[in-house]
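These are the structures in question, set out in turn.
Next come two complexes built around subunit A: one with subunit B, the other with subunit C.
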Partner chain A sequence: MLRLNPSSENRAHLLLTFVLFTLSISLYAPLQLWVLLLVTCAAVMRFSLYMNWQKHQLSVRTLNLMAVLCAIVLAYFGWELGLLLGMLNLLVMASSLKLMLLATRRDYFQLIGVQFFLLGAALVFNQNIAFSLFYAVLCLLLLMSLAFHINPSASWLILSKRVATLCLQALPIAILMLLVLPKLGPLWQMPTAKGAHTGLSDKVTPGDIAELARSADLAFRVTFEQDVPPANQRYWRALVMEEFDGRSWQVHPYRQRITDRFWRAGLPFTPQVSGAYYEYQVIAEPTQQRWLFALDTAVSQDQHLWQNHDYTLQSRIPLQSALAYRVTSYYDNQLPPALPQVDGRLNLQLPEGGNQRTQAWATELWRDNPTPQAYIRAIASHMRQQGFSYTLKPQPMPVDPIDTFLFEQQAGFCSHYASTVAYLLRLNGIPARLVTGYLGGEMRTDQYMSVYQYDAHAWVEWLSEDGWQRLDPTAWVAPMRIQYGLEQAVAHEQSFLADMPLSGLRGMAVFQALRGWLDDMDYLWSRWILGFDRKNQQDLLKALLGDLSPAKLALFGLGALATIAMLLALYHIKRWLLVKRDLPNWYYQKALALLAHSGIKRTKNQGPADFCAQVEKQVPPLSAQHFTALTRCYTNLCFRPLSPQQHKLQLRQMRDLLTKLRRSLRLDV
Partner chain B sequence: MQPQIQQAINQIGQLIIGKQQEIRLALSCMLAGGHLLIEDLPGMGKTTLSHALAQVFGLDFSRIQFTSDLLPADMLGVNIYDTQQQQFHFHPGPIFSQVVLADEINRASPKTQSALLEAMEERQVSLDGQTHALPSPFFVIGTQNPLHQAGTYPLPESQLDRFLMRIQLGYPNWQAEKAMLQQAYNDRGESLPAMIDSTLRVSLQKQIQDVHASDAILEYILRLVTFSRESELFANALSPRASKALLLAARAWAVTDNRDYLIPEDIQAVLPAVAEHRLRSSQADGLAHASLSRKLLECVDTMAA
Partner chain C sequence: MIAGYIQRRMNKWLSRRIPPAQQIFLNRSNIFIFPSRFGFLYLSLCLALFVLGTNYQNNLILLLGFFLLALMLVSLFASYLNFSGLILQLGKLNNSYADTPILFPIWLDTQEQSKAGKIHFAWYGNKAESAAELDSLTNPVTLSITPYKRGVFSPPRLTLSSYYPLGLFRCWTHLAFNAQVVVYPTPIAKPWPLTTKHSETQGEHAALQSSQGLGQDDFDSLTEYQQGQPLYHVAWKQAAKGQGLLSKKFAAQVQQSGWLVLATTEEDLEENLSRLCFSCLELDAKGWVFGLQLPGKEIPPGKGQAHLQACLTALAMFRAV
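After this line comes the complex of A and B, so read on.
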């Protein structure tokens, strides 16, 4: 069956198509490729219908066949996708099929509804300020499409004005809802998308972090409540690695199992804390991983965070989108081993064989310096005397990497030093482990700093009688790294971000200023819009209302709603009064609308009596009778002097007649 | 409809067949106390209609045939010196009649025209410092020929305004003309009975004053005149006098319908007669005359927006 082209020159359909298409493109990561192809096909088909290159739509039979095929494919892939992604793919697939079918008003409104939902869903995947603006624009375009649907002949300018007015009116309500509505937790678990992992990895081979240091991407941001730690104390712990196989460090499988077991039992670790602390909020960029970043002994009250026994924090769900969390870090606190036996045992394991020279050298060194402190001092002075250097371009060390590093290359990145020192400590029975994370951070204002991927760092923790001690061997050879960051530390070899495109521009003041400004914008967006969580909400309400009680909160909400209602009422009161005063006219217009629905339209110069005569000829007797009576009432009300009682009576009659007319017209149809 | 009015219309309808609407308009005009202008080609029954109207109202009737050499004195009358009584005596002219038919009004010189129009407005005649009241009621039925305008003095707009209505009779339709031809020869000798005598006329005029015009109707009239003023279609818009005339004519029309309130249809019925001669198209070629008021009606909604 071929149908006439409903989209020819139809700007409402064009805009709808455009929104669906761009929205799907922006969701390329969570969407399957074939779904994107389907959307593209649908958009091209609709566009050619709009341009009249093609006059006929696909037949319903073809579409049904296609829908069945798509459903089968989706069902096949859907199992792997999980609920959220599966549903998203299903929704986009269904809307592109519907777009191919689009013919009736009903189709159109269904599609519009789904698009609004999809826009909301898209914000789950893309949250930064640019995407939010982009989706806001798409939302406006959808509204424009609706406006064109209702008033196809109007100009862009008029409709944009109308849409803008409506949006401005809706804005206060939206803000109020953001402020007042309770913040619900996520209703589903975010799955990992097919996008690449960014940032740290759970396995470190010395040299890896050097790769990471070539990236200028943002890792996370921190807003301090009061005090800011000095530059050389900003060790952001992320992962603790206890398994060493001679080449790479990784989180120990046994540690992982313990963590899982505690997790399942729902027994988080509560560290003993005392002393001075920093309070801050971290907004972590999405990493698709669970680990989080915090200083020293970090404690968090957030429900979606989990405290591990190695004093790291992790999120209950992978960071699919930016995550804000509050942390209190006790920087004078000792880190006693949470599970002493486990900690001790795991952190003494040594790889079998290899690195013979190192083993011999370590034994010799221990003989001269039989206490851990002296031993560490000896290693440090050895490295300083031998002229070890810090470089972003370490040579590959395929065989016996620690031997190669210690006795041949003598140049490496933080992970080389950390790895080597931890190994040396373990060789002589001192429990030691590698900690990766970030060191440093660029202060953007007095209170907030940005930490970039090139701030990634690795250091050592060794177990003394007092607990775990931080030891950063990089500091021995490159104190600049600790104090001033990577850029200063490797200034001699000009290697900082040397591979980045436009790296030459980094020196330019304008570029720096622009980057900083964009960064600040993004920070404000993340902090105040995305990071607007329950605590922010409560703080704000507390600032507004004083102490909170449910009754007060409810009152505030009601009050706000009442204010909005009042404003709207003020805005509309003139029209309402007019309707009230001109009730006969209003009823009469309703009756006219009913008749127009049955195909009888009044030309505007027809008086009521003339029109009534016309209607009598065109509708069945019962309806005609009702309309005649209604017209008589209308004429009496509008044109005759009536007493108030008569007026009321006639109005009531008119209302009844309107109902009767509606019923009888419906019967006639 | 009022039975007497219906009868009067029927009576006149026997003379001028198929023109019920125009006859009713003319009657309304006279009931409203306004002057009537009939504009048509010769032989359409202008004179017959005027004569019949006078008869139906039971009023005395005189006819003045306007020509270019007609002087005001010929129409108004003269003061003649009576040698026996040693004083001037006023000899009233043909205008001193209750119904005056001013035939081919546009043939007279402007001086004579303005004398007539002054008399129409003042309902009195001033001559040599003396005023002479015209009889009451006083109706002028002017006729003019729209074609063959050579040697005529078309009435200026300001004077056209003095006529409450202007109607056109137009050709009768097929059946009407056939019926007319079938009629027995009418020697015009017989006169129509006076269906609306002076008592009834006075009471009807009282009713006209009492017809209720609601806000909605007044606003409709205002929308109409405002549209004529704001639209670019019209070079001459409707004056406040025109809106008063419209209301008055519509009230008279409502009374002929035996109603004591106005509905939009009343306005629509009288608007072409009341407004057409007061409007002028702004386009050079212009819309055909009858369509100006129709255009106005089409463009204005009967209901408030």
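After this line comes the complex of A and C, so read on.
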């Protein structure tokens, strides 16, 4: 069956098509290519119907066939996508099929509803300022589409004004609700997307981190409450790696099993803490991973965080979108092993065979320096004397990497040094492990610190009698790296972000200023919009109310409701304010309303005098007398030039007459 | 049965709440407002966004959800304020024939406030019949309804509804106008014999009867068509040439007069009344003087518009005793 064209010149349909199309394009990463193609087809079809190039819609039978095919394809690919991406693809697919057959009002409204939901889902994937503004525009366009649907003949200008007015009225209420409504924790576990992981990886082969260091993407931002740690103390721990196979370091499977067991039992680790601390909020960029970043012995009260036994923090769900969390870091605190036997045993394990020269050299060195401290000092002085260098472009070391590094290349990136030193320590019975994370952070205007991917770093922790000690071998060969960051440390070889497009621009002052400004915007956005959490909310309430007692909170809730009611009243109060400002008219209208109540109505073509004559005939003399006087006052006020005193007098007279009229009319009834 | 009961209660309540009037001012007392079907979909959407935002701890999604909710709240007021303050007045009604649509012109007055959006008109309980856009209003809005029986017809309640501004709320009212239309019987083109009263002569009667048939009059001239003249007098040839509607005027050979008498009400009452109706129109068009006699009612011979009205009304209101 062919249907007539409901979309011809239909601007509601045009806008809806545009929104679905651009929304899908903005979701190109999570959507499958064939779904995007389907959306494009649907959009082109609808557009040609709008332009009347095409007169008929697809038949229902064709469309059902297509729907079945699409469902099969989606079911086939959907298994690998996981629930979240599967649902998203399904929604977009269903929307585009619906768009192909947009016939009834019901179809249209359903599609609009789905678009609003898709907008929400899109905000899971993209949250920065540009995307948020873009989605806000799409939201407005959807509302415009609705307005056109209800009011098809109105012009663009009038409708945009109307929609804008409504939105401006709604926005303060929405913001108030966001600020005041209590923020709940996640109600249930939501599915997350299996996307491409970014940032650190859970397996480190020396050389990998050098790859990461070529990226200028943001890793996370930190806002400190009071003190900011000095540059050489900004070791952001993320992952602790205890399994070494001679080439790569990774999280030990046994450690992983222990973590899982504690997780299932719901027993997080509570470190013993004392001494001085830093308090800060971290806003981590999405990584699709669970691990988080914190300094030293970090403790967090956040619900969605989990404390591990190796003093790291992790999120309960993979970081689908930016995550804000609060941490307290005790920087003077020791790190005693949380599970002494496990920590000791795991961190002495050695790969079987390989690196023969290193093993021999380590035995020799230990013979001369039989205490851990002296041994470490000896390694350090060896590296300094041999002229080891720090480079972003290390040579590949496929066979016996530690031997090659230590005795042939003598140049490497932080992970080469860390890996070698941890191995050397383990060879002589000192438990040691590799820690990856970030070192550094760029402060901007004393407000916040940005940590970029190129700040990625690896260092060593070894177990002394006092607990785990941090040891950064990179500091021996490249002290600049610790103090001033990577850019200074590799300045001699000009390799910093060398393969980024426009890397030459980084030096220019204008570019720097622009970048800083954009960074600030982005920071404020993430801090106050994305990172607005329960603590912020409580702080806000405390600032407003002082102590939070239940009674005060209840009053505050009522107050918020009253504010919303007042806002609503304010939007519409104008109407009668206008009338009241014109007092004579207001009194006169009141009198007319009184008369209308007793059945005498003024028709439009009757002037005041005319009407007065009519009233005189219809009401008892007393009321008539009052009304005549009132009409006289009214005409005087309207048409005669009066001095301010006379004006006032007449007005007062009018008011009195109005009262008298009311009384006399009531008596007559 | 229960549905019928509820309907009766509803009607009773409505007639107390919104009594019939000539002119109706839409205000608090006669406007109903409730979320439309889309409004409920929209509310569940807000809830879904709230859950999504809470579970992903995403403030932007929460803000979107709250914004949409606030928008609904604001549009509640916009919807009501746009609808209230309208003044509706029923225009002049013409009497009509059974099975012929009656036109109800309705005049909308926006009282110089800017009103917008589409207003749908429907007879109570029926589907929307027509719509008017308040932005580009052309008065009057004309509705039609077809009565199936002769007699006095009062129109059912009129339902006005509006989905302005975003379709989230339906604002509606069921109005009743106190207007009555007399519905004449449907004319059936089968002339009723004209009789003379006993005082008049038999011969005259015969002459009357012979000259009563159709098309026996001579064509005289064309005059401008006026409402109420029978359609079969329209000069369609001229109308097709685009000269407008002209009515053929026939010259009666003789000025005649007579009575239309309905003696019995037992058989084919409705058909007889329809034939009488036709004959009245026919005789009036010819300009004859005629009287109408029904059981229990007699209209003395006369001519002219008022006389015709009286006859037709008598036919419309006739009840068999």
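Following the convention adopted for this analysis, the second predicted complex is superposed on the first by the 543 of 669 C-alpha atoms of A that agree within 3 Å, B and C clash if a C-alpha of one lies under 4 Å from a C-alpha of the other, contacts with A are read in each partner's own complex, and residues count from 1 in each chain.
Definition applied: a contact is a pair of C-beta atoms (placed from the backbone, for glycine too) under 8 Å apart; a residue touches a chain by one contact, two chains touch by 3 or more.
For clarity, every value in this text was computed on a predicted model and none was experimentally measured.
Of the two partner chains placed around the shared chain by superposition, subunit B is the only one that A:C638 touches, whereas subunit C remains out of contact. In the superposition on chain A, contact is made by A:S153 with subunit C only, not with subunit B.
In the superposition on chain A, A:L514 contacts neither subunit B nor subunit C.
By the touch criterion defined above, A:L544 reaches neither subunit B nor subunit C. Of the two partner chains, neither subunit B nor subunit C is touched by A:A562. When both complexes are overlaid on chain A, the residue A:N585 reaches subunit B alone and has no touch with subunit C. In the superposed pair of complexes, A:G607 makes contact with subunit B only, with no contact to subunit C. Between subunit B and subunit C, C touches the greater number of residues of subunit A.
Contact residues of subunit C toward subunit A in the complex are 37-38, 41-42, 45, 48-49, 51-71, 73-75, 77-78, 81, 116-118, 133, 135-136, 163-167. Of all residues in subunit A, only 582, 585, 588-589, 603-610, 635, 638-641 touch subunit B in the complex they form. On subunit B, the positions that touch subunit A within their shared complex are 212, 214, 216-217, 261-265, 268, 297-304. Touching subunit C in their complex are the following residues of subunit A: 109-110, 112-113, 116-117, 119-121, 123-124, 127, 132, 139, 143, 146-147, 149-154, 158, 162-163, 166-167, 169-171, 173-175, 177-178, 181, 184-190, 304, 320-321, 323, 529-530, 532-533, 564, 568, 571-572, 575.
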